[in-house]
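Should a chain be cited, it is by its letter among A, B, C and D, assigned in written order, with residues numbered from 1 in that chain.
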Amino acid sequence: MSPLHLCLALSAALFCTGLVAVLIRGNAILVLLGVELMLNAANLNFLAFWRFGPGGGEAGLVFVLFSIAVAAAEAAVGMALVIAVHRHLRSIRIADANRLKG
Amino acid sequence: MTTLLAVLALICLAPAVAAVLVRNLIHSALLFVLAWLGLAAFYLALGAEFVAFAQALVYVGGVSMVALFAVLLTRPGRTDLLPPPSAARAVGGLAAASLVASMLASSLFWSRLPSMEPTAPIPLRRLGELLAGPYLVAVLLVGLILTVALIGGLLLAAPRRPAEGGDA
Amino acid sequence: MILAVAPASPADAWLERAPLLLRDALTGWLPDALRPWVSALLSIAVILGVFGLLFAYMTLAERKLLGRMQNRPGPNRTGPFGLLQPFADAIKALTKEDIVPRAADRVLHFLAPVVLVALSLLGLAVIPFGRNLVAVELEAAVLYFFAAGAATELSIFMAGWASRNKYSLLAAMRALAQLISYEVPLLLSVVPVVVVAGSLSTTGIVAAQGGWAAGIWPHWHALTPWGFSAFAVFMIAALAESNRSPFDLPEAESELIAGHLTEYSGFKYALFFMAEYLGMAALSAMAVTLFLGGWQAPLGLLEFVPSYAWFGVKLLLLLLGFIWIRATFPRLRIDQLTRLSWKFLVPLALVNLLNGGFWAATADWSGPAAAVRWLVSALLVVVPFVALARSLAAGYGPRTYRYAPS
Amino acid sequence: MLHASHLWLIPALPLLAAAVGAAAPRTARRLPVALALGAIIGSFLLSLAALAGALAAPAAKLTANFTWFWAGSTAVRLGWLLDPLGALMSVLVCGVSVLVFIFSTAYLRDDPRLGRFFTCLSLFVAAMLGLLVANSLLLLLVCWELVGLASYLLIGFWFERPAAAAAAKKAFITTRLGDLGFLLGLLWLFHATGSSLFYDGGAGVLEGGALERLAATTLPGGWTAATGIGLLLFAGAVGKSGQFPLHVWLPDAMEGPTPVSALIHAATMVAAGVFLVARVFPLMAADQGLGGVPVHALTAVAVIGSVTALLGALLAVAQTDIKRVLAYSTVSQLGYMMLAVGVGAWEAAVFHLITHACFKALLFLGSGSVIHAAHHEQDARRLGGLATRMRFTYVTFLLGTGALIGLPLVFSGFWSKEAVLHAAELWPVSHLPFLAGLAGVVLTAFYMTRLVSETFLGRARGDGAAHAHESPRAMTLPLAVLAVASVAAGWIGTPAWPWLQSQLTGAPVAAHGLAEGLGLMILSTVLVGAGIAAGGWMYARSPRADDRAPDPLARRFPGVFAALAARLWIDEFYAATVGRLLRGAAALAAWLERWVWGGLVSLTGRVAETTGEVNRAIDEDGLNTGFDRASDGLRDAAQRYSRAQTGEVQGYLRAVVVGLAVLALLLVWGGVR
């Protein structure tokens, strides 16, 4: 099993874990964290192919940096949204936020 | 090399799985942090020093803080134990996730990847030149996005009267 | 992480080489495969020992200095001038009963202090204590340092939350707010240094500060306008990061009955104590590295003094500054704290970033142009400072006290 | 030294001030004032520079022309003209404006609309200066109308007073009548010469070729085009500077604030007519052939001027309102100027214009000072005894009076009027204008004496005058400056040293010492003395006891006085003829509108209405039912479908993921490569 395979397997596993978190956890915060985890899995793919891929181009590395930055922004906004939702509904269960009326 | 990577992979996968499964909100948040740290270590082993440290800094220093802060601001109740997910949702979710998992696994094992020599890690200065050179526009855009996100976060999380709580 | 074994260059003075010679003497007989690891272990041991002692005597110094500043003698019973006081304290802490509240989250309650100490030690790995004395030579050392330091407040949160105590929880929230607020100016104040020095590695930054202008004016960053401003911001943010007064809101003895430390006793408490001082020392060491020229001597003719001695002197000065500030300033309120960060330090640091960019861009100006360069840079520091200060101080007149009629 | 191509700066500054002042918020009262003062001072300096540039080469007409737009193939060109006439006038306008502005700051200090006042004033000054430096009749007309607009705004500044509003309308409409002639003349000129530029390096309308052409083309009736155009343009001048048929608006214009009267209706705007005639003098003088020509432009000018001079002086005699007296005196002085132009001595006219601007501005500001001090009491009968209370104003007013009636040898008015009369005397056509001028001299002396003694001598006949006190510094300072000017301004054009004339004409005028025209001087001096004596004997000897007491003149000649006091019923005459005509026309138009056109319009509307009714009926009963059924079905379907819309985000996500996974599995295992 080559390191590349290992990386891809890990990223796949992480992705699925995050997906599960997104799908079955009721708490909005955990869902957001799951999304973060999925993003990380994607980053891992980029790095893996940058390192073990067919050479050429640091684009993978650079892209990971950008994706981390954007992930941070996404987390900040997401948490802010969670807080705002909580102020409205007094709850952060996603199932409760099923109406468009605020 | 591979063994080291494997160990690190386990170190970063175990807490992630645990984080998804435990019922205590704070615990799972902290476990997520642990998973991210493990991932940072994995990056380090991959030779991506800068990315690894950036990962640690952003996720452990930033995202986890925000997440924990949100948790504290929106305490469900006396205890942080969450109600167990409803059976239907759990089953459906697991089914869907397993589908994806099988897909990924199949594509992984059926596709024969040529195992190549690892390319040499690039010196930090080169990375800096890349960011300041060809990727400059992207860097500026990301900075813009971050600023907007910060302001938007403030506006969203601020109480109706922006006079107070505008900071923090 | 390449563990290299830097050979002692014979050019240096004997004292300068002493540590390396000692290391070689200790590891000389080992096979080459092992030598890097053993020397790494050695440096870890040295750091632990030195900074452990430093911690011990910092506590003593703090207590004595505070005592003097408050017209008390301070501890002076154990040993000559109370010099053995730290060890007495250590023994006491070790032998005390370790109490864990029943409702507490045992795991986190146990993990918090351990993680804290570990994290605050991590940062020291990349500090160049002397010309060749750096445990781990990293390309992105600065980034590493802050990545490691970022996690400290996390353990404070763990402690505060795990104690299941409302004061501790408040402390945890404050800790988070404080970190989120002060991580930003801390990093922003470092960026100009990186820009100007053109390197993220601590040794590179120290090397960039070598030499003297006109033989007497060291090229330390703190001695340039932008550097001074960055230094000030860095130190303030460092105070907040290490929970030192006037920013010690998480452990506010007077209002939160020691906050996250409420439910800790015995050795765990000692660990927290230790972590605080280690973090303080680490940040001060970083400040010395980034702004005060690291181990560089202030004057050319003083170079015969070994570099690590210079480093030690600067470090001690900064630490004493910490103590002095603690003895001087009252504690801030949480809203004042955050406002200070977001409305004052962050804009200042941002302008300073611009300033650093200007400085780096005009590196080749000389003669009268250099004067212009200094002038512009100074203006870029003073004008925003005055403007921000005025806008923030608007409405706060000088405070008037009304005394009760006697 | 200012180059011609930079002349536009002079009007641009006040225009800018006016624009900013107009945009400024109502609360910022000081801002427009500061702007206006700064701008006008800047323009003053600029025009001084321009004057220096003009005097460097008096004969040369320095122009800077540019194409405004192309109408078909013919370019409509505008331009700036720098010559001693324009430069002197602009210096004069700016100088007087500066003083009047300073005066106004004190005079209108408590007025809530101070800012608006100064904005309008700046607009006026801008337009006036533009008028002076314009090198194109078209541009001049534009500025001309702008000046009229500003005058309208300022006369009606206190529009709460119905009198002021009416006066503003009257001024505007009356001057429009003249401007119609102006416009026609402009069009004719443009049609005839294809250019509206005065001087264009030989191609201008005031230069050789065009003039010869105009003088050559004759119309039915033996007139030449030059005469026709000249008369039309002169109509504009008549309207603007209140010459005889259209003089009625000027006295009413005194409803405006006194500084406005001083600046616009004494010093500058009303002189614009004279300036216009002087500017286009070559055109008017183009056709000198008097043989068999029934009327000739300059002759008309001279006649109108002399009539106005006499009439104004006559009407001034019987007025009781200070400002009205001064207004009629302005009318008559303008008549003198027109007279001078008419007899061909346009430089004398300009000379008199300059001196008159100085001392009439002085007189108006002085009366303003009096009115201000006497709490807006401007009826001479209820004033009096102010000589002791307002010594400074009194002295300056006396100086102004001396200049106006032309006391010999020192006062400016003497020299300028002497120049006018001298020219009139030498006019070959007729001596009537000369005699009218002499009569005017007597009357001027008489009514000014009357005014002074009624206002300042005797004892206070009203509590307004009783509690009067000297005006603040900001008002007395301009008085002082103007007093000096109105004494000294005459020395630049004495027969002994005709500097002004030579600069204006651009050719050195022989200094024909004081000897020549000495007889005329003595004569006019005697006449002035007679006028003063008569006035003094009637009014100053025994000042009226109280405001009820009848006017001494009325006691002696009641009929004449009544007629004069009623202004010879000219206004009533206009009201009876022109006004009635217009009213009838308006009534007719209204009738047509209401019954004929209105009927048509409402008929069309009714038709459209009925069609709409029919359409609606068809829609509702015919088409809609089908649509309703269709949309009902759609709604039900949507309701049934929307059950799937639970709002459960994770539910959606689950569906998405399953779909994605199935798709991907198909791709991978289904061998779809």
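The working rule: contacts are C-beta pairs under 8 Å (C-beta built on N, C-alpha and C of every residue); 3 or more make two chains touch, one makes a residue touch a chain.
In this text the structure is predicted, and so the values were computed from the model without any measurement.
Asks: Once you count every C-beta pair in contact for both, which comes out on top, B-D or B-C?
Replies: B-C
Asks: Just the number, please: Cα centre separation of chain C and chain D in whole Å.
Replies: From the centre of chain C to the centre of chain D is 79 Å.
Asks: Please work out the Cα centroid separation of chain B and chain C, and write it as a whole number of Å.
Replies: Centres of chain B and chain C (C-alpha means) sit 28 Å apart.
Asks: Between chain A and chain D, what is the separation of their C-alpha centroids in Å?
Replies: A distance of 77 Å separates the two centres.
Asks: Two or more other chains in contact with one residue: find those residues in chain D.
Replies: Residues 650, 654, 657 of chain D touch two or more partner chains.
Asks: What residues in chain A touch two or more of the other chains?
Replies: Answer for chain A, listing residues that touch two or more other chains: 19, 23-24.
Asks: Could you list each pair of chains that touch one another?
Replies: Pairs flagged as touching, ordered by label: A-B, A-D, B-C, B-D.
Asks: Using the touch rule from the top, collect the residues of chain D that touch chain A in their complex.
Replies: 646-650, 653-654, 657
Asks: Which positions of chain A touch chain B when the two form their complex?
Replies: Listed in rising order, the residues are 1-10, 12-21, 23-27, 29-30, 32-34, 36-37, 40, 43-44, 47-48, 50-55, 58, 61-62, 64-66, 68-77, 79-84, 86-87, 91-92.
Asks: Show which residues of chain B lie in contact with chain C when the two form their complex.
Replies: 26-27, 30, 33, 40, 44, 49-50, 53-54, 56-57, 60-62, 64-66, 68-69, 72, 123-125, 167-168
Asks: Help me check something: in the complex, which residues belonging to chain B touch chain D?
Replies: 89, 92-93, 95-97, 99-100, 102-103, 106-107, 110
Asks: Which chain C residues qualify as touching chain B in the complex?
Replies: Contact set of chain C toward chain B: 1, 105, 108, 138-140, 143-144, 146-148, 150-151, 153-154, 157-158, 161, 169, 172-173, 176-177, 179-181, 183, 199-201, 334-335, 338-339, 341-343.
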